[in-house]
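What follows is a set of notes on a single structure, which appears directly below.
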Amino acid sequence: MSKKINTIGVLTSGGDAPGMNAAIRAVVRACSYYHLDCKGIYRGYQGLIEGDLETLNARSVRNIINKGGTFLKSTRSEEFRTKEGRAKAHEKLKQEGVDALVVIGGDGTFTGGKLFSEEFNFPVVGIPATIDNDINGTDYTLGYDTALNTVVEAIDKIRDTASSHNRLFLIEVMGRDAGDIALNSGIGAGAEEILIPEETAGVERMLESLHKSKKSGKTSSIIVVAEGEKSGKNIFELADFIHEQDEEYDIRVSVLGHIQRGGSPSCFDRVLASKLGVGAVEALMDGKSNVMIGIHHQKVDSVPLETALIGNPKVDKELRRVADITSV
Amino acid sequence: MSKKINTIGVLTSGGDAPGMNAAIRAVVRACSYYHLDCKGIYRGYQGLIEGDLETLNARSVRNIINKGGTFLKSTRSEEFRTKEGRAKAHEKLKQEGVDALVVIGGDGTFTGGKLFSEEFNFPVVGIPATIDNDINGTDYTLGYDTALNTVVEAIDKIRDTASSHNRLFLIEVMGRDAGDIALNSGIGAGAEEILIPEETAGVERMLESLHKSKKSGKTSSIIVVAEGEKSGKNIFELADFIHEQDEEYDIRVSVLGHIQRGGSPSCFDRVLASKLGVGAVEALMDGKSNVMIGIHHQKVDSVPLETALIGNPKVDKELRRVADITSV
Amino acid sequence: MSKKINTIGVLTSGGDAPGMNAAIRAVVRACSYYHLDCKGIYRGYQGLIEGDLETLNARSVRNIINKGGTFLKSTRSEEFRTKEGRAKAHEKLKQEGVDALVVIGGDGTFTGGKLFSEEFNFPVVGIPATIDNDINGTDYTLGYDTALNTVVEAIDKIRDTASSHNRLFLIEVMGRDAGDIALNSGIGAGAEEILIPEETAGVERMLESLHKSKKSGKTSSIIVVAEGEKSGKNIFELADFIHEQDEEYDIRVSVLGHIQRGGSPSCFDRVLASKLGVGAVEALMDGKSNVMIGIHHQKVDSVPLETALIGNPKVDKELRRVADITSV
Amino acid sequence: MSKKINTIGVLTSGGDAPGMNAAIRAVVRACSYYHLDCKGIYRGYQGLIEGDLETLNARSVRNIINKGGTFLKSTRSEEFRTKEGRAKAHEKLKQEGVDALVVIGGDGTFTGGKLFSEEFNFPVVGIPATIDNDINGTDYTLGYDTALNTVVEAIDKIRDTASSHNRLFLIEVMGRDAGDIALNSGIGAGAEEILIPEETAGVERMLESLHKSKKSGKTSSIIVVAEGEKSGKNIFELADFIHEQDEEYDIRVSVLGHIQRGGSPSCFDRVLASKLGVGAVEALMDGKSNVMIGIHHQKVDSVPLETALIGNPKVDKELRRVADITSV
């Protein structure tokens, strides 16, 4: 039988994502609502090992729902990957009277949380937060919607200059293993072609599509390229390769980079964070552990962390079809 | 048996919403992809009656995916409410060789489309576009996500000044019959209280919540009020009423108004518009008529226009609960 | 001879404006650079009377340059208008060892500062911060540039819906005595007509201009109205009045309101705030008092507070001319 | 004596900048106001040579004041650098009845315009438009203010993630020969250090400053680097170099790139464009030629193109001082 929970610890770990602050806020507020204590743990698992934590109350998290990043900060901890590191962390939690953990992050975060939960039979619930949307068992991860808006706003700006000069732009967006950002932002930005990690024939298709566009008189083009694109070429090599095929292209490369991780979260991400934060606390109160709280068909739901870690959902074929049709 | 479709007409009608241009673009591009002709009809049903239409091709809709409003313009047509008006419209469509219609708008648009489709056995497919998200049979309407972002960005700005002055702000957002905008933007903006049309006890609850906040030392507050709120008071009367209860409040009112209808659509709305536009053309090609193309559980789907017109979905009780918990 | 200054107090007072935080930061950082102590005074002159202040160092003001509002908060103080109130304030400053004051705000702030400085021979330097740009002796006030961007972005959104519906929009912007916001944002937003407090013939001219636009086939129009417009009608009465003249207009009113006071400051305001904050500390070190630090011809300069209080600069006739020509 | 001008041609050339559309609009509207004809020339001097131009009237330029880029498009023309090319251009202008030219762009544009004006005694007036603000004889160039806002907004986003991870970010901004963007955006974004082309000791100073920051416990840092920085290292080599000096830094590089050229112009740039566009037409009507219309001390003024071409204004020492003080 599960022990009654009095104090919940919350941390963020791995790459930061917009909405993390909103999720922390919801966890803290839900604790307050249910008369539980809440401790914020700084710098992820490393801060946990080092005992870098403090009590948070409803007012500690005022005016952070609209802030990007994570005020609890985030690191990757080598030490937590060792059994000794995790044992130290467990010791700290006992000392501090923390009965359960909410861990906010991506697959690295969940891998650590799962191990810890199993080794020490300690209640851990995960909240998926990564701009890549590459977590199994949830329709959306925190930060993904915001990142898409950041990307389309950036490409809208670049399209101004592309159109003014009749240029071809290659734009690299995040997504090492998952093409969700590239595919959605590519459709949203009206890209002429989209290269994603899940497809191998991308480059040939792109050349064909460029050729067709050129014949039809299209004078500027945007190609969105996921950083994990599988041609074996980086985006600068890709630009050179296109130029070799047809010298007439006036090509420019833009790597959007870290702006994609920051920024004030969209309303969607703030609401999602609020739902998941409340859901995580309620799951712990219900005795759940070793699960991730996700959103499925607009309902908050939990899946085992194991399921969350299965790996990337497949590329959305319908979306690829829509991309092909609307980029005619 | 349904007649083969060669030419599709597309129009926007009723209140405009961000994403309408992106939906028109997707309809035009899908027609182009499937080698159908496409005619854009200006000024909604009124333009249809007057024969104000022109052929659109893939290039006619370049660089509009990111534009707010609708380049086809939108009006409300009294004439189309009459049998004679609709007969004229039908005549025009025959003259122009248009075999099917895609109508983009809200319930007024669908009511007209349904009547027209039934009277003349004419293929009509609707695409839901209204910032209010008050259409049955689709999880989201076009423009809703963008409007939510516009609202939270506006409230973020107001929160700066509210916090600086320890003020109480009443902020009116759109939503005559549906509290979706108020509830979601209220959560997203971290509002202390949210008044929506679907609830009657709102004002008493608000007073209680304000009282509690004041005792706990909260010094500034944001109350989000849907324009259709049911207390019988408009927002200025509401401000006076609160002031009568407790003179210490330094109250300000802000009516966000029409900024909520405009602006560049969010990535979510652009992608949704692209999916629904393609879906509408494909539905017509499949012989469907008198249906709305919506999104349900992230899949494009069709429901009879009759279903779409049933009325507002109920308020989301889970969301109300999340609002109550996170505004502690 | 002026006493050596060791400790500077800084406060914000009156209506808040974007860039106040950036100015506080610059004052604090300049103190740190010159090895002076700096005390932040909360809630303006009222907080000063109540002794609500604390020491600030360079790190206290990290990550606030981009935040709207003022973290020191701002109030209007009735008590400081009395001799007794000011005497209490002076007593507090002596107790706390504060040798000089930087007061950030508009004319009310400067009136108080000037009185205080003269009564107690106490060094006071003002920094002009008000979105209205209505301070004499400086080309720009803090917050003005940001407010202009907020207004044009809001009108851009409204233009989307105005164009979609062929509507006439009356948009009220801030500016009780000064038409600078209306005139500049009106030009920037491409308004068809602009009504400002400094002109009396505005309404007649507007009607004429509307009439001309209508004849030339213009189908939607934006009229920007400063809140201090002098026709004796509020903006809703103005809308009714236009409608009485010509029933065909489909008119909507939008009062932009308090969104104009908030938001992340523009780069211009952040840089200006940094210059003025440094300038204020250096002026105090140079033995100046009873002056405002402003910007004139891109150079930081000081003028007597008396000069700053002379009243509104006149309306820029050249700008009015540009407005008339470009709204053809 | 100068010939009466009946028809003015307008073109944009060189790198595009936000505000070019607003300037074209103002030129067209001023022509309309003064009953002159106006012809828009596409693709800069190359389009002029090829006779790619059309008549523009007041309505042709509706709803473009808020659009980035240039709807007349811009190219660099090799042919116009030859005497033969310019002769062809002159021939076209005579054929089309164009009596005078407004050329919108940077130094390349003005060099061409000056030669052309002198060779054919043809009235030419320039409008400075380049995000780099590197034109002599005007306090501001079109697009500069917008680019600064784009840069600080991007760095604000990056600061979210930098703070969350205690990272050091090197951010490259535009400015091959002029550090204005770097210096202003660096101050505006609260950068810890700024490297500009006009200074040679930048790298040593940066290392010292980083060292100092680290000792004082600062845990994340933003370094803004102008692309023309003179250390002989590109930004990636600079990152490696810093890492060699101190392995503890967790360094990331972000090249902001072409987003800086696009985007909806700020209110400042829209108003400036309106003033300069009107000023250019009025200068031609006054018989001026071979001049640039600029802004000096908030007044529209003209200087010989020769003066404009003298080269970069020097780095603003006061601004550098403010940067040093506020980044303490």
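Labels for the chains are A, B, C and D, by order of writing; each one numbers its residues from 1.
Going forward, contacts are C-beta pairs under 8 Å (C-beta built on N, C-alpha and C of every residue); 3 or more make two chains touch, one makes a residue touch a chain.
Every value quoted in this text rests on a predicted model; they were computed, and no experiment measured them.
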| item | value |
| --- | --- |
| Selected pair, out of C-D, B-C or A-D, that shares over half of its residue contact pairs with A-B | C-D |
| Inter-centroid spacing, chain D versus chain A (mean Cα positions, whole Å) | 36 |
| Chain centre separation (chain B, chain D; CA means) in Å | 39 |
| Interchain centroid distance [CA atoms averaged], chain C/chain D, Å | 28 |
| Sequence positions of chain A contacting 2 or more other chains | 156, 159, 163 |
| Contact graph of the chains (line, ring, star, complete, other) | ring |
| Contacting residues of chain B [partner chain C, same complex] | 12, 16, 18, 20, 67-70, 73-75, 150, 154, 156-161, 163-166, 169, 252-259, 261-263 |
| Residues of chain B touching chain A in the complex | 25-26, 29-30, 32-33, 58-59, 62-63, 65-66, 139, 145, 148-149, 151-153, 156, 159, 163, 184-185, 187-190, 216-218, 264, 266-268, 270-271, 274-275, 277-278, 297-300, 318-319, 321-328 |
